[in-house]
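Order of writing sets the labels: A, B, C and D. Residues in every chain begin at 1.
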Amino acid sequence: MSAPCRLLARVTSNRRTAADTFWLELDAPAIAATAEPGQFVMLGLGLDDVAAPFLPRPFSVGWRDEAGRIGLLIRQFGPGTHRLASLSPGDEALLLGPLGRGFRWEQDQPLVCVAGGVGLAPFLFLAPEARRSGSKVSILYGEQTADRVFDPYLIEELTGVRPDVYTDDGTAGKAGRVVDAVDRTAGSNLYGCGPTPMLRALERRAREANLPLQVSVEEHMGCGIGTCQGCVVRSSSGEWIKSCTDGPVFDREELAWAD
Amino acid sequence: MSAPCRLLARVTSNRRTAADTFWLELDAPAIAATAEPGQFVMLGLGLDDVAAPFLPRPFSVGWRDEAGRIGLLIRQFGPGTHRLASLSPGDEALLLGPLGRGFRWEQDQPLVCVAGGVGLAPFLFLAPEARRSGSKVSILYGEQTADRVFDPYLIEELTGVRPDVYTDDGTAGKAGRVVDAVDRTAGSNLYGCGPTPMLRALERRAREANLPLQVSVEEHMGCGIGTCQGCVVRSSSGEWIKSCTDGPVFDREELAWAD
Amino acid sequence: MGRLTQRLWGAEFHSPVFLASGTCGYGEEVAELIPLNDLGGIVTKAVSLEPRPGNPPHRVAETPGGMINAIGLQNVGLERFRDEKLPWLRENLTRAHVFINVVGRTAEEFGAVVAGLDDADGFLGYEINVSCPNVRGGTLFGTDPEALSELVRRVRGTTERPLIVKLTPNVPDIGIFARVCEEAGADGLSTINTFPGMLIDVEARRPVIGNVTGGVSGPAILPMGVLLTWQAAQAVDLPIFGIGGIRSASDALQYILAGASLVQVGTALFVDPDVALDIHHGIEDYMERHDVNQLTDLIGALEIPGHE
Amino acid sequence: MGRLTQRLWGAEFHSPVFLASGTCGYGEEVAELIPLNDLGGIVTKAVSLEPRPGNPPHRVAETPGGMINAIGLQNVGLERFRDEKLPWLRENLTRAHVFINVVGRTAEEFGAVVAGLDDADGFLGYEINVSCPNVRGGTLFGTDPEALSELVRRVRGTTERPLIVKLTPNVPDIGIFARVCEEAGADGLSTINTFPGMLIDVEARRPVIGNVTGGVSGPAILPMGVLLTWQAAQAVDLPIFGIGGIRSASDALQYILAGASLVQVGTALFVDPDVALDIHHGIEDYMERHDVNQLTDLIGALEIPGHE
């Protein structure tokens, strides 16, 4: 894990990808060069004004290229992400990253990425990297409704993997919860990212099927670099551990799942 | 003075006119229809975020047309006006107006408008209106330096009056303070708007020359409509009176000038 | 009877949204912009026994996420308020309720203002502003339990009308002051008034505010106001006006869930006069979405995990 | 010797800008991002006698113009701090000064932490965090003059090092507490800690913060912090750390003009780690523009019209 850096990054493009969701690209060479799948950045607008997002917001690195750009898949959730949605090419934003501990994988093991909503983001980066290292990768991607789905063809273009899409209401892909599809993945390593309830369900599946699972968790963050202790999650040994530096990716065995 | 109204106005244009100064046009029919020279509007960005300007800012109506647009001449002073400078066509802003008591004049009396800096704004509206009613109008316009001067030809286009321009350093127009030019205006009615020190000097001149003077004063405002009592100035009888409703235009005799 | 209607102090309130003292004058000034009778009501600018000249400018300025003010309680005084302002309120606020914000330098002065207003028509009750210096003790009435208790008893003795005490935020334990008011006979509380603050013009090396110090209001104080309202609601059974930084229905609902029966909107009115009515409708929408039939079901309905 | 240099407590401070407790960990966590030795120094995360687990999440959230936090003073405890964290500070903070933020449940506990650290190297002094519950009295040490006095005397008895007391903002008269600290032998003050606050998720009807209540920080509290610093500076002759909402040189200068000798930057670091150094240089620029040769000429240099 290389040292995080702070940089004023120029927005190179901002495209709407689905309802309440946009794909933000920024010019961030120092981060693009060293980021690993599962790592995140803190994205903020600086100190000139106090409008939300005043505190920077954490987002998974969803893509990076040789030209030094990174891509973020962001869903409008509250005031902060709402304002970020209005960033246009040329605007400057403050980035801190790459941050945290990313995903780990072995060549010979097939990866099954289970994504809930914008939990898809880190897998858009993990899938191609893992495939480059020779691993087989499949993506199970669930959304509530069709209008929120990130274009499967675009996913295939970015990752080389055609995702299995699921929607709660069946308006796109197969009907049903993405976690239920996990049954048909015996023998492979699971990777999960999405809302906490979904991760809980996924962990139960993995435990029952006794499959290895790495999850990327979400908790409110202050600093993103381990100083504020704001982002803790409960470890299996009962301690509060920092999701920003000990995580955000954890093996399921590292965390306390009891609710 | 007609009832003020609150309206969400669309910005129709925003042009830089000089260093730190811009000319903002908004679509505000209800205000354009009833505004009088010397009246002002409270311009804000609403309650969605808390960045400055959180409180709306007062600006003199500098122009209006039959199409229902109004024009404001705004100088970047602090964070609030700085952010307003970035408004672009299509953006929405919150307007309250028309507000306050404007200038009064009589047909047969020549008007001499003495403007310091963006104190020029209300005269861009007063001059044409007064001329339409048959009055002779002249404009004395002072700035610190040439780069801050609002194009004299544009002033003439807007008002029909070619202004006498003064700069402290003589980089544009005549060198010197605009107030000193007042000596050569005996027999006419003076109208002043600009920084408080300039208004003080002007008032002294008017008193000595025993000329009538109306000034538009500037004080911090909260509401702009007379409820908060935030905008008071000292009256000649020693009371604190509201510049937003009793003013912003006052006869020199109404105010206490002692400092 | 609408979802938002509730009965308090023997009166019917068809909306929980009020305009806060000092931000709506005596009502008349905002009547052209705000349909007052569609709201719960207003609290007037402070009224004192004698007229007050108020402080020198600057009296207001923006602060991060809010504003600071030091008006100095400038007002026309008891007599002119009763003769010139109250009649307008009586005639025009037919559905909205009026509380008169009262200030004084001594308990006697507070009592005298209330006594001088009590048989007039055009208002429902009083909001006692104790965030002002107590000439006797020097401290603020609102930060001195004895002075506060004496004050409330004194005023209580002079009126049968709803008596609301508006508390000061800068105390370690607002529950103490809430209980003092309840025991002294208050009918309700308002939480909270502005936070003491100061702004310095570093270029001039002078205070921005003519009075040197002022009161901070606006969104910046929202989380403090919500906590103080919750703490006051835990301490007493009185109905509470939740106040501080409210600019949306969700802000208002934070106060209501914390235990406020009614809310007051202040600073946000300067930014958008429509905000009060927007909040009223926003609360209605929320109740429909969560299908809550009575506002009273939301008051103090905050769930604290683990604390059943 | 630079314009910004001053001597305090027998040590030389080449910059008045510090990183506030809880926002820079134990220094090591931010060392890659912030050139600590170019700053005046840091105040460590709170250290208690025993390790503390801290509060359940959410521990932080944004508020209008700031943030709320309830970390629960999670820390590694005295021993591990001394053995694992202090050595790094000793080796790496060659020019920047270190103050250790100390917490406890009783005066004895505070005393024990200080006693356990005092002969170690790697720091200059202590910042006593009295914004925590006093097990004996129940109240916060910082809101109870007797408890505070006893606490400061107790700690004073165990160390010769610079002893700074960090005051709590939610008191009616901070001057009283400032004087109590001075009389009890404190060497300096820090004003101020966070304001108690609460945030409610209205959709879930639950507190956003796992601990229910938390402390509000950031720009929102700037005007309160400046006033409390000014009032403390009026009350005592001790050097003061000005703290609260600082995000620019002009914010820092407000505190300095109000009477602070040094300032601490907290929440703003989360937004931009460069802010502390930017403030240092911004103060330098200001002094050049106003041609002020010594920072000490600005401390408390606020001019109050009429009060000469």
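Going forward, a residue touches a chain if its C-beta (ideal position, glycine included) is under 8 Å from a C-beta of that chain, and two chains touch if they have at least 3 such contacts.
All of these numbers come straight from a predicted model, not from anything done at the bench.
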item	value
Third chains touching both subunit C and subunit A	B, D
Reference subunit C; chain at largest CA-centroid distance	A
Whole-Å gap between the CA centroids of subunit A and subunit D	36
Whole-Å gap separating subunit B and subunit D, where each centre is the average of the chain's CA atoms	46
Whole-Å gap between the CA centroids of subunit C and subunit D	33
Residues within subunit B bordering two or more other chains	50, 52
Touching two or more other chains - residue numbers and ranges from subunit D	64-66, 218-220
Pairwise touch network: line, ring, star, complete, or other	ring
Which chain pairs touch, all of them	A-B, A-D, B-C, C-D
Touching residues on subunit A, where the partner in the complex is subunit B	48-52, 79, 83
Subunit B partner contacts - residues on subunit C that touch it in the complex	22-25, 29-30, 32-33, 45, 53-54, 56-62, 64-67, 69, 71, 74, 218-220, 247-248, 267-275
Subunit D-facing residues of subunit A, complex	3-6, 44, 46-47, 50, 52-56, 80, 94, 96, 219-234, 239-240
Residue ranges of subunit D in contact with subunit C within the complex	63-66, 68, 139-140, 143-144, 168-173, 195-200, 202, 204-207, 212-214, 216, 218-224, 226-227, 230, 245, 250, 253-254, 257-258, 286, 301-305
